[in-house]
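Written out below as structure tokens is the structure these notes cover.
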Amino acid sequence: MAMKLPLTGIIPPLATPLLSGDQLDAAGLERLIEHVLAGGVSGLFLLGTTGEGPSLGYKVRREVVERACRQVAGRVPVLVAITDTIFAESIAMARHSTDCGADAVVVAPPYYLPSGQPELSEYIEHLVAALPLPLVLYNMPSLTKVVFEPDTLRRAMDLERIIGLKDSSANMLYFNRVLGLIAQRPDWSLMIGPEELLMESLLLGAHGGVSGGANVFPELYVKLCAEARKPRGNHERLRDLHHQVLRISGNLYGVGQHSSAVIKGIKCALSCLGICDDFMAEPFHRFRDPERERIAAAVERLKGEIGKLLS
Amino acid sequence: MAMKLPLTGIIPPLATPLLSGDQLDAAGLERLIEHVLAGGVSGLFLLGTTGEGPSLGYKVRREVVERACRQVAGRVPVLVAITDTIFAESIAMARHSTDCGADAVVVAPPYYLPSGQPELSEYIEHLVAALPLPLVLYNMPSLTKVVFEPDTLRRAMDLERIIGLKDSSANMLYFNRVLGLIAQRPDWSLMIGPEELLMESLLLGAHGGVSGGANVFPELYVKLCAEARKPRGNHERLRDLHHQVLRISGNLYGVGQHSSAVIKGIKCALSCLGICDDFMAEPFHRFRDPERERIAAAVERLKGEIGKLLS
Amino acid sequence: MAMKLPLTGIIPPLATPLLSGDQLDAAGLERLIEHVLAGGVSGLFLLGTTGEGPSLGYKVRREVVERACRQVAGRVPVLVAITDTIFAESIAMARHSTDCGADAVVVAPPYYLPSGQPELSEYIEHLVAALPLPLVLYNMPSLTKVVFEPDTLRRAMDLERIIGLKDSSANMLYFNRVLGLIAQRPDWSLMIGPEELLMESLLLGAHGGVSGGANVFPELYVKLCAEARKPRGNHERLRDLHHQVLRISGNLYGVGQHSSAVIKGIKCALSCLGICDDFMAEPFHRFRDPERERIAAAVERLKGEIGKLLS
Amino acid sequence: MAMKLPLTGIIPPLATPLLSGDQLDAAGLERLIEHVLAGGVSGLFLLGTTGEGPSLGYKVRREVVERACRQVAGRVPVLVAITDTIFAESIAMARHSTDCGADAVVVAPPYYLPSGQPELSEYIEHLVAALPLPLVLYNMPSLTKVVFEPDTLRRAMDLERIIGLKDSSANMLYFNRVLGLIAQRPDWSLMIGPEELLMESLLLGAHGGVSGGANVFPELYVKLCAEARKPRGNHERLRDLHHQVLRISGNLYGVGQHSSAVIKGIKCALSCLGICDDFMAEPFHRFRDPERERIAAAVERLKGEIGKLLS
């Protein structure tokens, strides 16, 4: 399948179902992929933050790409995160993704010693020169300590191979500036990370969202995206959909207390729905019983609300 | 005039025209007030951050309130910032505001030693007990180092005297949470500070904006606000208005280099338009010639663009 | 008395004894001053952060300066903080300090809208031009959001009127850089704020400390300072004194939970010792009974330990 | 060799000489090791931040450990950083280190998604259970976003296998707290990271330093450490040594502009001394000619100064 640019719509950052630290829940992955495709998503984003990419061994990562590409079989584009502190591993994962039939790769800045912006620009140039696939940049300063500054993005736009930015900064002042920049590259896609900002980002001109909650309730995000991208919108309907998104984050992501809470909430919800196992890679662990009970109750409640809203 | 609650629309944080560090540009203030009222604003917010409130001596502050209230003469509500590190001065300014006929006061947390949330709650309770006027809270953590956390806001909602929040955090995750809280107080107003976030905030449900650029081009912000608050909106029209707002901040607020750049840009633009003097209180100073020339050119350009857009 | 430069030794940031928000505990202030002078301190620093300066009304501030200068009567130098967001109030307080016989004034950057470094340099130049007394700069970025960068200090060293820096950044990398700068001004004093860093700062070359705990146990800090400034020191003795300083901060400053905990601990300890009232200005309040009991017990314990150590 | 606990003295964080991104400069590594051993260092710390550990492919990392252990041949203890976001890779590197004859391993928290403190404690427990060697913790919050909080350290002290902490936080308030904690574990070593804080840390009770500059001028750091750990010290001599350390960081680490500047300065200085190549792994690159010239001149100057000081 030729990937259509710019990328649009909801591209969930797929959770990685695990049976143990080094064993994929292959059946769970299969079910999860069918679940989100049935919800109407426009693509898959593998091995990102939500997919616990940096915590997974390379063997598991390669298996995720292989199995996901085979399962999707061209129905939607598959994007693979190749972010790494080791340059050669990023390239190796990109080559593997090509071999498996993925459509694009995604990279955040190397996340140990932070690069200055000129260093980041050179790094991206070196990477692109060695990449067999189109590249989406991934702005995630809270985890990488490095922002893709507007000037660096401008420089990156000279590289044809780069086709967009996923922005997870949650900084809407920045987001607005990037929107102003991308006019010169009509094939570029600007995707928003935090789903709480999905509606407003779309109204401002974002092409879509990489929404973690779309692992669990894909259809809601897909409907919100479609409504918001109409030239003339029904603001009340939009706000209802948006409030439902906020209810998901309010009910699923606040049960844990640390930065792992979002992924734990998503994996636990998927497990409650019978889709996949909720094992988590070190240094994290799945929710224990009291938290799981709260998630289970929340999932039931949310299912009811969303069913009513989308019917 | 009885102030209508919740407050809605554009309430500019009025710049304070000065002739010197301790002398008001009284004629400039008069012209500025008429300028923004002619643009359709829904209220005035005196002595806030843009108004250089904390840098002004008390005599000048009192004169600003007195003259502004007299000039407005009930045409729109007048809000006065009483933020101070000295409790008694906040109360004194609130009493003076009442005497002058102001409609409400606004307070940010005392901005030297940061309070914990329970301390902040008690402070607000003590303040409200001594206040003769309704109170709007002002969330401005980048300057005060203290956030009005959701739990503190919930507690504040038990106090009838408090009628809203101006949020200048630029944190839309926070903003979305506050929107969820205020459902229980239909008289509460949620106003957004940073004008780059005005459109999205309004679409999410904000009641209005305290937009610095409305000192210079009030009509643009008023039109954007009206369009965004319609139940069914024209998204393209909205985005055009929003992009024009971004062009104002791109052209006027980036000429200086420090946090004073926004106020310097606004005051200089007002001076270029012949509305008032651009003197600034210590520790800042007005733009020198090279910067002033850039602002003058930008004002002309923006006037043309806005004229076309609003015609 | 002619003040000897550079300033050296322990100069406690005097707590301000209050009976209520606008009433000084004059007898308490008298006792507190005699208490610290008896402990051997080299000066007094009035109305700083520990002295709740920014929270006090101007009438109370003026009374503190007046009474303290009269009480000290030239026995040690008196320094007065004139930090303010209002330029004219800083000047007024400096003039009042001169009239009362104070020896120097101290200023931190205006603490609402943060200045850029060139703005800060100009501000300091304007201030010095209008000051009747020598000036000590006060680096306190956690509260003012502005650092006196090394280049700004270098520029300030050209102004004869400026005679030192009190550094409360707790950033020893910065402290080391400043030590390298001040070689060119042998009359400059570098004083350390956080008492936990007193010993190491003195060994590195600091001239003294503005140690909050010296309000309560002045002799300990004075002895530590004297020992550390000897050319050949007894490291074990030094470390014992230093550990005792750490025990004070461990026992008195961690009872409260917010940034006010240090001042609350000091004032409560002074009250337990019968020296002065522990009322605190808004937005803070004195410790309630459970906390007071913990402080009272700690004061007894610490008195015993310090008695043994210094005997 | 049985490693003597607690570890003391200077343990340089060895730079990793490279010929290209995936090829070790084996001869350079040999010369570098002999250079620092000749300077009297007490151990080697491989693959840390200065050693570009996280940027190196696993094959190169394994080769570094192998060659270094063989070269050192028991003359001093060898410590190996096994920090990784992938749990299994940390374990694999620890096993390899054992096989090569290393003495201990070092771990900082996984550095992508930050752990909460309870998660960090569990992670450390899981790690220790699988480790064949003693473990030193590595506190480096500016790069890992996670602090080893005092309570977490207290919990870690219950694990016999853990034998110390390397603190690179540059937060001396924290350092002082940790010093208070480790009294209960006389076999624990507290090592300071930033060399600008080496002298004061040693005077406070640190056991030694992991000083990057000791790659280049090992003897200076070794002498400073010996002098500072005497019970009665010559403060002037100490300060002279300390100032020389500051001159190294002032002259070598400020030539670059980003966080990579320190490593670039060290590698370039080693190259100027003919010890090893200065190639750097992605996303960084060696200094170009103008910077290299500045470093070359600085190395000459520093050599002269240090020669005089130590003679």
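The first chain written gets the first letter, and so on, giving A, B, C and D; residue counts start at 1 in each chain.
Note that contacts are C-beta pairs under 8 Å (C-beta built on N, C-alpha and C of every residue); 3 or more make two chains touch, one makes a residue touch a chain.
Remember, predicted model here, so these are calculated numbers, not experimental data.
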item	value
Touch-network distance, chain B to chain D, counted in steps	2
Between the pairs A-D and A-B, the one where more C-beta pairs touch	A-D
Intercentroid distance (Cα basis), chain C paired with chain A, Å	51
Between chain B and chain A, distance of the C-alpha-averaged centres to the nearest whole Å	37
Of all residues in chain B, the ones touching two or more other chains	none
Interchain contacts (touch definition) - all pairs	A-B, A-D, B-C, C-D
Residues on chain A engaged by chain B in the complex (per definition of touch)	170-173, 176, 180, 194, 196-197, 199-201, 203-205, 230-236, 238-239, 242-243, 246, 250
Residue ranges of chain C touching chain B (in the complex, touch as defined)	21-22, 49, 54-58, 85-89, 109-116, 118-120, 122-123, 126, 143, 145, 257-260, 263, 281-285
